[in-house]
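What follows is a set of structures for review.
Shared between the two complexes below is subunit A, which pairs with subunit B and subunit C, respectively.
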Partner chain A sequence: MSAVIEADRLGKRYRRQWALSDCTLSIPAGHVVGLVGPNGAGKTTLLNLAVGLLAPDAGTIEVLGGIPAAGRAELSRVGFLAQDSPAYAGLSVADHLELGAHLNRGWDAGLARGRVERLDLDPRQKAGTLSGGQRAQLALTLAIAKRPELLILDEPVASLDPLARREFLQDLMEAAAEQELSVVLSSHLIADLERVCDYLIVLVGSRVRVAGPVEELLATHHRLSGPRRDPATLPDGLEVISASHTDVQTTLLARTSGPVLDPAWTVSQVGLEDLVLAYMSQGAGRRRRDNHHLEVQK
Partner chain B sequence: MIEFHLDARSGVAPYMQLIHQVRQALRLGLLHEGDQLPKVKDVVAGLAINPNTVLKAYRELEYEGLVAARPGIGTFVTGTLDVVPQAAHQPLRRDLQRWLSKARRAGLDDESIEALFASTFRSASEEDIA
Partner chain C sequence: MIWLTWRQFRAQAITAAAALAAFAILLAATGPHLASLYSTSKITSCHGLACQPAANAFFGQLAGLDTVVYLLGIGVILVAPAIIGIFWGAPLIARELETRTFNLAWTQGVTRAQWLAVKLALTGLAAMAVTEALSLIYSWWADPISKAIGVSNSGPQLFSQGQFSSVIFASHGITPLGYAAFAFALGTAAGALIRRALPAMAITLAIFAAVQLAMPLLVRPHLVSPSHTTTSIYASDLVYGSLTADVVPGHPSAWILSSQALNAAGETVTTIPAACDNANPSGEKGGTSAITPAQCMQSRGYREAISYVPTSRYWSLQWVETGIFLALALALAYFSVWRLGRRRI
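On to the complex of A and B.
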C-alpha cells in the first residue's frame, strides 16, 4: 500500500538547535497510526512539517505523494488538528463553520451541521467559552468536514478529561470508518492508542526505533525471564530490547522471530505500554543501567 | 441486536474479544440465523476502537461460516453453534464443585487450583488438536 507520509533524512533546525534531524520514515495509507515518543523526540516538529506549517532545513518530506501544502489541491487533502485544538475565541461556533465553508472547496456543510447538532453545541456560543472537550470536538468537526484523505492530530486528547477523551476518540473512529480516512496521531496515552491505532511508530531522538502493525508488534515481542545468563550466550533470532539482571535472574524484553524453545525461559506476553517503554528507554541510553533491580522488585 | 464491550486488561486481542462475544451470543441463543450484527461504524463509535479491528473480527466470523456480509447493508448471521442447554450446566457445575472441595482438602490454594486447571485445560485442548 502507498505511503501517506514519506520522510527521508528530514531535519528542522531552530537557530542552532536541531529539533528533528535525519528522520527517515514511511507511514502507510489506510491505517490509524499512533506516533509515540518522549518529549523532545521531534513529534510535533515532524507533524508540522507534514502539514507544511514548517519547511525542512534538511532532507525531504512527501505527503500523499506531494510537497506538503504546495497548493490548494494539497491543502484540501489533509486535515490538521494542532496541539490543544486551537479555535478563534471571539468567533461563535456558527462562525467557525462558515469560515470552514469559505476556506475549503470540498466542505461538507451537512456533516458539519449534523455534528454540531449531535454534540449539542449552541451555534451562537463563542468558542472562547467552550469547554476543552467541546473545543476539541469543534476542531475535529472542522477537520473532518473538509473531507480530507489524511487527518493529522497532534496530542488531540492530552488535555481532556476521561469522558471527553473517550467521546472524542469515538467520533474520530467513526469518521475514520465512514470516510475511509488515514489518520496519524501523536499521543502519550498508550492505553488510548492501543484501542484506536492499528499501526505504531516509536520516535526517539528523531529516529524511528520501531514501526509496524500493532498486532504484529505484540505477536513478535515477549518478556523472557530465567536464570541469570550472559547476554552474549543468547540464542539467534532474539533481539533484546531491554534487559535487567539480578544476581540470580535475567529478565528480557525481546523481539523474537520464532518460538522460544529453551525451557529455561519463562515466556510471557507484553502489553503495548511495556513494549513502547522498552524502546523509549533504549533510546534514553545508559542512565537506567544503574537501576538493575527495579523490574524484579516490582 | 447485540452490543459489544471490551476488556482492555484481559490481554486478549480486541478482535478476538469481539469474535468470542458473537460466538457466546450464538451459544446462548441471543443471536439467530438472519439477525444482523452491529454495523462497523456503530461498533467503532461505541467502543472508540479502530475500524480494522471490527472488520477483522467480522471477516474471521465469515471465514468460520457464522456470518455473511451483504455489501452496503450489513453483516448477518448465517450459521449456528450448538446451544448448550442450561439443563446441562447444573450437573457439570456440581461435579466441578465436588472437585474444588477435593482440591482444597488436598491443600491447594486458589492460585494452585487455577494453575492446575489452566495447564490441564491447555494440554487437553492440545490433545484435541493432535
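On to the complex of A and C.
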C-alpha cells in the first residue's frame, strides 16, 4: 500500500510559534481519510504543507512521491479545497470553470459542466452571491475537474448548514468513488467523518494519536465496565485509552488485541465519536504536560 | 494564466482606457487651436533677440483653458504612475491574501512563480503603455508651448519651465514609462510584504512620492557628465545683483547644475564687489546712463564658471533615468516572485 502523504518530523513555524512540530505520519492511498483533532492540533497547517501553500521549516513532506507544488506536474496531481471554500467574488460560476480550464492541463470540461448543471448552479451568477453550500460545491467542482489523484479538503463543511453538509459529503463520496480518488479531509465534526471516511487519523498537538481503517479501529476498541479496580492490575493486551471511576465501578475505553475473557468486565461496542474523544482527551493531558515541560526548559 | 490575468484586470483596464480616452479627447479638442496660434505667431520666423518678444506675444494669446490644460496634463502624467502603483500594484498579491483566494489560485496547475510572472508582465506592460500614451499625447499637444519656451530665455512665470525642469522632464519623453513600471512593481512588492492592500497602498504612495522628490534634487544632476564653461558674467546674468548664472551663453535651454562667479585672479567670489554693488539700483538692465552690476564686474575682469547639461544630452539623460527606474522595477518584481516562492502565506 503506497502512501499519498508521507511526513517525517515535519515542522512549521509562524514567527517563533510552532504551528506544527515533529509530525510524522503516513496516509495510505485509496482511502477517504479523515483527519481529526482539536483546534490548534496543526490540521490546517499540515494540509497547507501537503498542497505546497506552505513550505516546511523542519522535516520533510512528500505527496504522491514528490515535493508538494514543486512544479506543474505536482500541482496538477493534487486538488485542494480550502477552509470556507474561497472563490473570486466578482467572477461568475462560468468564469471559475474557465479559470480551471486555463490553469489546468488535464481539465475535464465535460465533468465540470455536468456537475454545475446537476448542482443547479447558474453559470452567470457571481461567486460572491452564492450561498456557502453552493460556493463549496463550486470549489469542489474546480478541485475535481482538474482530475487529481489526491483530493485534499480542509474543513470543507464546517460553515455549511446540516442539509448542505449532507449534500456536499454525499456528492464528495460519489465523485471519489467514480474517479477512484484518494481523499484526505479534516474536520472536527466526527459525525460527518463517520459518514464518509474509511480511514481515520487523530492528530493532537502535531502528533498522531491513532491511525487506522475505521472498521479496524471500531473492532479493536471496546468499552469495559466492571467493579472498581486499580488500572495497574489489568490483564495483558489491554491498552487503556481513557478511564473513569466511580466509588464502585471502573469504566475503561481500551484497545484490545484479542477478546476480553475476564467475566468481571462487561464489554460493549464503542462509537467512533467516543473513540476519537477518548484519544483527544488523552492527548490534551499529554499536551498539558508537554507545555509544563517547556515552561521548565525556559 | 493570460486569461485569468485579463479577467481579473478587465475592469481596471476599462477604467484606464476610459481615462486615457477622456484625456485624448480633451487634448484633441484644444490642440489644433494651440497649434494655429503658434503657426501664426512670429516665433516660427524669428531670429536672435526678436524671439523673446515673439514668444511672449504667443504666451499672451493663450486662453485660460490652454493654461489649465497645460498644467492639468503635467499633473495627470505625474500622478498616473502613483495611481497605477496604488490601485494595480498594491492589491495584486495583497488582495489574494486578504480574500484568501490564493488558496484557489496557487493550487491550480500553475506554479505561483508563473502566476506572478504573467500578472507582473501583462499588468506592468499595460501600466507602461497607458502612462507613455498619456505622455506622448501631451507632448504633441504642448509642442508649441515647449518650442516657445525653448526660444524665450524667460517666459511668464507659468511658461518658464524648460525641458530640464523637474516636472517637465518627468512628464515628457520616456521617463513616465519608467516611473509607471517602478510604481507598479513597488506596489506589488509592498503588497507581497505587508500582505494587506490598504497599508500597502499607503506605503506605495509614500515611497513613490519620496522617490519622485529625491530624483530631481539628489540623483538626476549626477546621471550624465556635465559640460563646463567659463564665460562672460554679463551674458549669463539675467537678474540684477545675482552671482549665479541664469543662462549658458550659446546654450539657451541648457540645464545649469552649478555656477559661480570668479574674479580676475580666478578666485571664487560670493559677494558682489562694493564698487559694483550700487551700479544701477533700479535693476534695469542695459540702461544708457548706468551699468548693471554684471556689466561693472565684466569690465573688471570677472567671469562666470558654469557646469551644465546641454540639450544634446537630453535624451541620454532620459534613457539613463528611465533605465534606472526599469532596473528598480525589475528588482522589485524579482523580490515579489522570490517572496512568494518562500511560501509563507
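Simple rule for what comes next: the second predicted complex is superposed on the first by the 285 of 298 C-alpha atoms of A that agree within 3 Å, B and C clash if a C-alpha of one lies under 4 Å from a C-alpha of the other, contacts with A are read in each partner's own complex, and residues count from 1 in each chain.
Operating definition for what follows: contacts are C-beta pairs under 8 Å (C-beta built on N, C-alpha and C of every residue); 3 or more make two chains touch, one makes a residue touch a chain.
Quantities reported herein were computed from a predicted structural model and do not represent experimental measurements.
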Touched partner set for A:Glu273, first subunit B, second subunit C, both or neither: neither
In the superposed arrangement, which partner chain does A:Ala176 touch: subunit B (first), subunit C (second), both, or neither? first
Looking at the overlay, does A:Asp198 come into contact with subunit B only (first), subunit C only (second), both, or neither? first
Using the superposition on chain A described above, determine whether A:Glu215 touches subunit B (first), subunit C (second), both, or neither. first
Examine A:Glu149 and indicate which partner it touches, taking first as subunit B and second as subunit C; both and neither are also allowed. neither
Going by the contact rule set out at the top, does A:Leu99 touch subunit B (first), subunit C (second), both, or neither? second
Comparison of subunit B and subunit C by subunit A residues contacted: C
Which of the two partners, first being subunit B and second being subunit C, lies in contact with A:Val78: first, second, both, or neither? second
For the subunit B and subunit A complex, residues of the former touching the latter: 6, 8, 11, 13-14, 40-41, 44-54
Sites on subunit C touched by subunit A in the complex: 1-4, 7-8, 11, 99-104, 106-112, 342-345
Complex interface listing, subunit A residues touching subunit C: 48, 51-55, 69, 71-72, 75-76, 78-80, 82, 84, 86-91, 95, 98-100, 102-106, 139, 142, 146
Could you please specify the touching residues of subunit A with respect to subunit B in the complex? 31-32, 166, 169-174, 176-178, 191-192, 194-198, 215, 218, 269, 271
